[in-house]
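The data blocks that follow each hold one structure.
One chain, subunit A, appears in both complexes that follow, with subunit B as partner in the first and subunit C in the second.
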Partner chain A sequence: MSSQADLVIVGGGPAGLAAAIAASQAGIAAVVLDDNEQPGGQIFRQPPRGFSIDQAAGIGDDRVRGRRLLDEAVRAGVAVRNGVVVWDAKLGALSCCQGEEAWTLHYRTLILATGAYELPVPFPGWTLPGVFTSGGVQSLLKAQRIVAGKRVLLAGTGPLNLVVANQLADAGAEVLAVLELSKPSALDLLPMLAGPWELLAQGIGYVGRLARRRIPIMRGWTIVEARGDEEVRSAVIARVDEEWRPIAGSERMLDVDTVCLGFGLLPSTELSRLIGIEHRYAPELGGWIPVCDEYCETKLPGVFVAGDGAGIAGSLVALEEGRVAGLRAAMRLGRIDAKQFSAQAAPSLGRLHSLGRFRAVLDRISRPRPGLYERITSETVLCRCEEVTAGEVRRELEDGATSLIELKARLRVGMGLCQGRMCHPTLIELLARGTGQRTEDVRPFSQRPPVKPIPVSALLAREEAA
Partner chain B sequence: MAELRVAKGVVRGKAFDIILDGQVLRAYEGETVAAAILASGRRLLRVTRRRHEARSLFCNIGLCHECRMVIEGSPNVRACQTPASPGMVVDTQHGLGEDETA
Partner chain C sequence: MSDATTFDVVVVGGGVIGSAVAYHAAKRGLSVGLFDKGPLAGGSSGAALGFRTLSNFFPLEVALKNEQRFIQFAEETGEDIELDTGGRINVAESEDDLGYLQESVAGLQAKGVDIRMLDRAEMREREPNLSPAVIGAAWTSIGGNAMPIKLTYGLARAARRVGARIFTDTPVTGIDVAGDRVRGIEAGGRKFASGWVVNAAGAWSSEIGKLAGIDVPVVPRKGQLLLLDSPRRIVRHSLSSWHKPGPQPSGGTNIRPTPYGQILCGSSSEYVGFDVAATEENARDVARRCAEFVPALRGLRITRSWAGLRPRSVDGNFIIGRAAALDNFLIATGHDFTGITHSLITGDLIAELMAEGRTSVSIESFSPRRFAGDSGSKVMTPGESDIGAAECFGGLQRRRDQ
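Entry: the complex of A and B
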């Protein structure tokens, strides 16, 4: 089966929806594909069908903003196809699958708005039941109104943990503390005063609400171990130095039943890599990111990237980039001319400029530091799928392994169902340290289709059609 | 651990039962299998093949595959991405979820 579209957008989060709305206003009916049950992405995740949630129930304003965007999409006539997995991408064609059904979708222009996922940061005990990603705990709470545990510790860096801590407390959990790796000085934060006021006010609001609840934000602390037999029962926490290395002797133990890990986000670049877009290493934006111009267009003609998948920047940036990409695609398709593009994209480009300044400060504070990887003990499981420990990886490095491919061949790391998403960043860091290379000089795993597990029947259908 | 569903400010979907390891478990329309299990206070979803360790939900967005269970007889189904449905039969996955003695 095969079909054709002028504009295909992969991802129904803020960037994808904003792109579709902008394109629609320019007269293009985009095909929006999303692999979730409902549009909105992770940040604007809506409750499932059959649920109704009181907007005032302390779930934050993300969902209100999300609802507004989704309503706007409906008014603009945007139709999102949910539950569709795009598992291969070539110039001009995508391989799609939904359940057992598979088809090829040809496009003239493409916007990849694939979003991000949380940076996995291994430490002893991080595989114990009761240790979750902060985003995972948040979506359980936002979408399904289920609180992940009763006595909760949050650890990592960045604003997400502050948001989730408040949401958990609203829902009745006892939040022991938020451990924040970085210790920004007032000087670091000064440039933020020039940034958009709503972001600054939002940040102050989260901190203030935690203070009123007497939930401490412990700056310069992190989790070094989660303990328990069948599930987490306690957490060992420690002070860290400027490079995020735990300080020996500073350890303390907390009784917990739940740990939330929020160490920042990684862009989902599986499709952008597969299709052949050039990537560059930008650690402050989440690592390897696709190269694009100021209008989100890559060097592949008619192929755009927008939102967190193009470099971690949050939903406000995603909305504006999506809009710019949608308008630019409309221009490439000949629906608007360059003058109309400039006029219509100007407000978004202006917003992106002012958001960029704010973001630069946060990026500097939360950029991963070496201590994050140096504290990984030998017994720590790195590759969750194949259950390979850091000790096994280090032994192979001492034995002369110099590339990820060799580690993969010897240990099966990265060969499990998550397709390396959980171990890849850590493997790169350990390999760089073990071989004396710079992180950006380590060649990542090559990307191969399918980028997500799909039924064999879907693969066969494509083979037969070919 | 007691009930973890937040009661305030939400009207859930229709209630029904699923069968978890042969026992009846309450779920609501719109909940994923993982959500329904976690809401009951249980965390164990699978036991790993090599180290025989307990695993539960981790990322909750379908990427890490830690939550895979045997659902309606099929192994390696992600519980965080599978909506619960009335009478659904769900089992803790051991190893690859197939009879490994064979």
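Entry: the complex of A and C
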């Protein structure tokens, strides 16, 4: 079983849908694959990091905006295949799996719009029940209408926590505070005045709503420990310095039953790495990101990257990048010429330019600082699948380990079902510190297929069908 | 650590063989520098199943003592190599193979080896998930597993503790030859003088040989593995197919349970140069053959698949010993899919050769000099085809008689 398509788009979030719509308008019926069960991908559930995120100005509900995008996709004749896991990617072909079915999908052009996942940042107690990621809590709220707790503390950096704090308060939770690591100065914010006004207004809107509810935003504070026996009962919080290092003696204790952690997002680069796209290290965009030109095209001919998977930038950027990539793919397929491309992509390219300036400010404010990983004690679990502590990792480093593969071999870190997604960023940081390397010089884990576990039966069913 | 640029021994290749050479040489008091272009276990040793079998390269009395080397290494060094001495099950895939298996078992039994055919009831008892369609299997208490990456790192660490220096991400770019001797190497932009140079570069040993002007007839044979997540203990022992010597379409059917709720499955066999991309076709082929042995594997999930390059010599035999034209350039390669089994013994014999000028176990039949056209040495072969390898060599080299 194999099939063929002119354009395949992996990911049915804002970037993927926008790409499909643009391509469709240029006369190309793209195949859109998404591993979620619901149409629309993550758009309702996974807001990116920028103010560009979640709720466009004046709408106030990303559900509405997502619905609009989906409706537009339907009108454009875009069909999203949900529940499809793309587990291997090569130039010209993808390996797909859906339930008990597996097939090869050949493509002429490919847009990877794979989105992002939340950056895990370990500290003592982070594995206690009651400690969530902010995105996870938001997902529970939105998808299941579940309020994660009654007395909630949010900690981390970036606007997602502000959004979730408001949503939790709307849903009836008592939100004690939002701890924000960074302390932006007025000077930092100045260039924002040149940025999109609606985003600024939106950001101020979140802050204003929190102020009206008397929920403090504690800038320059963070959580250093979650305490409790069976589940989280209290949180130790502390002031941080400019490098986000906790200041000794500033600790305070809060009684909580829920902690939400929002430290930013990581691009999902599994497929872009597998297929062989060159990546560069850009900590302000989430770490290793695929290299592409201004039209989202990589150095592999006909292969594009768009949205958070190409560097964390939020859904507004994702929409515009998706559109540019969709049009560029149409040009590569010969459906539109270079002139038509320029004309049709111009509005999106213009918006990307102005969004970019705004983002640069956020990037500067939220760029991860060294202190982020200095709350980790010896007992802190880093690899949750294999239950490996920071102490074990540090012992291996003291004993001469110099590479991730060595840590993996010795400790089984990254060998579990999450395939290293949880521990990878922290291990790289600890290894860099332990060996005096720069973060970007640490060789990441090799990317292997399948990028998500697939059933043996599906792989074999395919052969029987063939 | 000193910033030494002079060693008694330079070992090229940080796989399980090179690391074993480094460990044994350093243990004998030689100063050792181990070099690899990537990390340790970055090649074949990082993509091996970890089987330890009864060697058919060495005389039986030597092969039977091989197990003890692993036990001793783990005890001496305290290194955890996930050593499993629990024995193995060999499975016949066809009537032809069954006949050969029975014959082999009878032959080994006659020599006093603890191996026997299993009847149906015993098969079910030892391995309840083994397919009822399996036509025959043998049990032996000899052999088991070691985790290849841990073994490599364990050897390298133990080597370091007795003074060896390890240079990873340091490609060897030149070998300094003067007359019939090597004088040292160039690696990572620096020169290192050395009394001996050991080529333990596995699938890359041909490339390293060329730096010294030596032809090492080894090609990379690609083998792909699957890692399955197995929360239930579906398989208890290492299982592998037993083949009649001669052409084989696959890299054997091998299943190894790990102590961590996972199952390793292998392997494919291809001659495609240095390409190590895992392919869907290979994954399916390996999964299909393994599921024929153990149908319950169909209910598991594949979490990872990757391939490595086995160093396959033109005649299927090891290439161990002094290079034909260079007295102090030693070669330790050609281990194909038996590198874990033969890691410690190879390291020990090479170290012995350097320290004492001779080996306690004959390595004459592995001599690189057999390719110089002057040897009458007996060519021993593992139970696998070298058709593909012979094709790779363009038919220029001699081919094993089928």
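Descriptive notes on the structure:
The rule is simple: the second predicted complex is superposed on the first by the 441 of 466 C-alpha atoms of A that agree within 3 Å, B and C clash if a C-alpha of one lies under 4 Å from a C-alpha of the other, contacts with A are read in each partner's own complex, and residues count from 1 in each chain.
Heads up, the rule we're going with is that a residue touches a chain if its C-beta (ideal position, glycine included) is under 8 Å from a C-beta of that chain, and two chains touch if they have at least 3 such contacts.
Predicted, not measured: the structure shown is a model, and the values here were computed from it.
Once the two complexes are overlaid on the shared chain, A:L333 sits clear of subunit B and of subunit C alike.
Of the two partner chains placed around the shared chain by superposition, neither subunit B nor subunit C is touched by A:V236. When both complexes are overlaid on chain A, the residue A:L349 reaches neither subunit B nor subunit C. When the two structures are aligned on the shared chain, A:L417 is found in touch with subunit B and with subunit C. In the superposed pair of complexes, A:A432 makes contact with neither subunit B nor subunit C. Judged by the number of subunit A residues each one touches, B leads among subunit B and subunit C.
In the superposition on chain A, A:Q144 makes contact with subunit B only, while subunit C stays out of contact range. Judged by the touch definition given at the top, the superposed model places A:S457 against subunit C, while subunit B stays out of reach. In the superposition on chain A, contact of A:S403 is made with subunit C only, not with subunit B. Note: residues 386, 417, 453 of subunit A belong to the subunit B contact set and to the subunit C contact set alike, using the contact criterion stated above. Put simply, subunit A touches subunit C in their complex at residues 88, 90, 95, 104, 386, 399-400, 402-403, 405-406, 408-410, 412, 415, 417, 419, 443, 446, 448-450, 453-457, 459-460, 462-463. Partner subunit A is touched in their complex by these residues of subunit B: 1-2, 4-6, 8-14, 28-32, 35, 38-39, 43-45, 48-51, 53-66, 68, 76, 80, 83. Residue ranges on subunit C touching subunit A, taken from their complex, read 39-42, 46, 147, 149-150, 152-153, 157, 160, 168, 228-229, 260, 262, 277-278, 280, 283-284, 287-288, 291, 297-306. Those residues of subunit A whose C-beta lies close enough to touch subunit B in the complex are 35, 37, 42, 47-54, 56-58, 117-118, 120, 127-133, 135-137, 139-141, 144-150, 171-172, 230-231, 257, 381, 384-387, 416-418, 421-422, 453.
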